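Two complexes come next, and they have one chain in common, chain A, joined by chain B in the first and chain C in the second.
Our next item is the complex of A and B:
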């Protein structure tokens, strides 16, 4: 599971088998899977339908689409801003719960990437992220509930019912 | 001197502006700050203070979670939440002759604001310094942790009167005690009379044993007059004073009384002599005579303080370096009002005589009167209303100063209240009293009035001629003990029970051995 494309200093694409909302780690950079899409091999576009069926019979692997995850870089392991951007080919790992807890809760609870994240991703992803952190850091559940309520309320303010 | 804030913008009212400060404790509402304009320190008073940024309401939804923690968790710089938006009103720079002069140019945005130094405050706000001749040290500035004395000008208080208005239990008698102490200090040596309807001021006699009051042979004297010590001889009362005591006199009654009075003038007559003279003039069967003698019996003869033979001289009551406390607590309301009315009239006349050089009773020195529960004596239906109004209107010319103390200012006639040119107002909660103060006391701004319900015991708002600008103070500690302490009823009940339980134990009924039907 490696970095396939670096889109900009905040976003990259990787071929991974994770879900939306999962935390990833590339070196000391922490990121979040924000969307997933399938990508078929380039040369299939140039084949006719008949050719495709023929080839598929003999070489089914060729037609297997790749699962691409779009990831947003959040911060470093020390919750600092990302200054060193990962390169294509860098190894992508999933961040386990225990490690995630250590990143966010080192003496005091911190989640500094949340506000910039609000501008980039949809509310359901944010909600899933907060609920996940609530689960791994239960002692900060009350605080996270307040943050979640404020995010949802601010979204409601922007909607004319 | 380091600035405490920077000007942000003008406020809604022309003489007000806003500034931003990180200060957390020094810049309280009512505090004095200044900016520099053409080399002059332009003094301003803080009227409002609010945080520059507020937390979203939801951040305050869980009392266990400090909203600052949420801010920190989100990595937001909490600095802006620690700033305060302060509104201040320009008073002006102080000129010895003109008082405060408003430069009419507000400070520009970004201009530095400084906390007024203690010396600046004293120089600008107080007309006198502590210990100076004619000074009254009532307390300290409320906003300052260090003790900045608040000094009133005795001469302006005695000539232009003062009032202490507060709800019950706010410490007004305590404050009056402080003022009485100050008036008896060597640098004032006042001739002081206290009308004390609750018997709270007897502790002032401790002054005689306190070293601070003695200097170079000066030693103040405090005399406590109980009900039996206060006597007014009928023959010493003026005709007007007697008519003032007798209600609803007809013209004929007044004419009869006037004639009898004229015929007895110069003699030391008794109330019986007066009634005999009236009967002698018009006959015992005359309806007016009967009405008049009934009134003399009811309102003069049966009044304990009116005596046929004994009489308190004014100079016994009032002399420089002496406080006379008239304890009115054992007197009926009528007696209190008659005494106050007669006494005030005599004092005013004695001062007028002394000033104009006319004959009669004389008081050659100014006097100061503290009148507790003033609403009893200064309401329109009170017997002493007219004389009190006269003293407040004209007393300044003759050196009769009055300090009215009341917990119900709305019951004091507004003509009288508005003549008290120095006001000390403590905690007032009653809306009617609040409104009355707003209307009667011109020198206090609306924003200062709003502070009144928030004051606690011993805190007061001082305004008026005796000080250059209204200030909030905490009253200084008394040197004598306070005679008006509230009773601790539960403790007294418990104490009583401990002493009396065994003595007064109800004997247990003996077992009834036989019933009446057993006989």
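Our next item is the complex of A and C:
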């Protein structure tokens, strides 16, 4: 599971098996999976007169299409801005709950990347992220519920009914 | 008189001596065209002279039905290795290059495969092509299990090292000898696949100076192949196969594989039919795809590591 492409200083693409909303770690940089797409499988080039099942058995390496995850870089492990951008080929790991808790709750609760994130990703992803943090830091559940409600309300205000 | 002189000069240039012209290269397209024509006429002339001798060579043919290649490859473990390289980036102050080798192992018909990558860095004083060659050979040595069919993209004969320094020649020869010996000892079939061969082994034997593949192009029909010939002074045999409408390809194998030459030819034809072009072995095509260092990656490499840019290079690229 590695970085495939660096799109800009905030976004990159990686070949990983995670889900949208999962937290990732590349070195000391923390990111979030914001979308996933599947590359067009290469087997179409090789099919000719073969059945799909034959391609799967005889040309197995072209059968599997890669799942590519688009990731947004949030901060460093110390919740500081990302200044060192990951490189193509860098290893991508999933951030476990315990580590995620330590990053956000070290004596006091901090989530500094939330405001810039609101401008970048869709509400369902933000909601999933806040629910995730709520689950691992139950002490801050009340505060996070208020934040979530405020986000949803502010978005609703923007919708013309 | 003048035209006779030009013709004789062209003949000399075909023989290896350099013919120089005044003026820009792109204004000499006519001369280039004539040189190529003379070159092919000369080869054609020599081929005609020995036509009868060529037709006496033993040749064989595989009869192919619709999914013949799948039957041949079913349950076969096939390994392909290829590599690519980034030459030392002198222009941006990095006297170090990189090598990437990919090995693809497939068990056809079972849906099993694995891809392994190996990489290394090499300083400007080292020969990157030799290091890459050694890495590719090493990757194949790990697969000497007595049942896999190993494909190497290139020649196993040391004739391609003829113009190299003694040290390089010896190092190539040592690697080749080692893998040939390992193949023999473990009875693991090894195929050096030369897509465009300019070897003249058969031609020299007959007494002409033409490429074997050109010589055999009209004699071999699609899906034909020649007998295995022994390469003098090397533990290698070779054969030519017409795997596509182009010129025959050459395969080189350890000498012990003469006994299984028909099976080897079938495997090569079947692998070619599986490839996207139907004329180049699938396992090598995929190994190449995996080993390739894209231009994007090369640019990233340059961007990340550039130090002291050469001003000569800036003059050239501006």
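Worth pointing out:
FYI, the second predicted complex is superposed on the first by the 143 of 161 C-alpha atoms of A that agree within 3 Å, B and C clash if a C-alpha of one lies under 4 Å from a C-alpha of the other, contacts with A are read in each partner's own complex, and residues count from 1 in each chain.
By definition in this document, a contact is a pair of C-beta atoms (placed from the backbone, for glycine too) under 8 Å apart; a residue touches a chain by one contact, two chains touch by 3 or more.
Computed from a predicted structure; not experimentally measured.
With both structures placed on the common chain, the touch criterion links A:58 to chain C but leaves chain B unconnected. Touch criterion not met for A:36: it reaches neither chain B nor chain C. In the superposition on chain A, A:1 contacts neither chain B nor chain C. By the touch criterion defined above, A:121 reaches neither chain B nor chain C.
Shared-chain residue A:45: touches chain C; no touch with chain B.
After overlaying the two complexes on the shared chain, residue contacts for A:108 are found with chain B alone; chain C is out of touch.
Once the two complexes are overlaid on the shared chain, A:146 sits against chain B while remaining clear of chain C. Within the superposed three-chain model, A:131 lies out of touch with both chain B and chain C [touch as defined at top]. When both complexes are aligned on chain A by C-alpha atoms, no chain A residue touches chain B in the first and chain C in the second. Within the complex formed with chain A, the chain B residues making contact are 56, 58-59, 61-62, 64-65, 69-70, 72-76.
Within the complex formed with chain A, the residues of chain C that make contact are 66-67, 70, 73, 104, 106, 108-113, 115, 274-276, 278, 282, 286, 296-297, 300, 304. Of all residues in chain A, only 5-6, 45-46, 48-50, 54, 56-63, 87-88 touch chain C in the complex they form. Those residues of chain A that touch chain B in the complex are listed here as 79, 108-115, 140, 142-143, 145-147, 149-150, 153.
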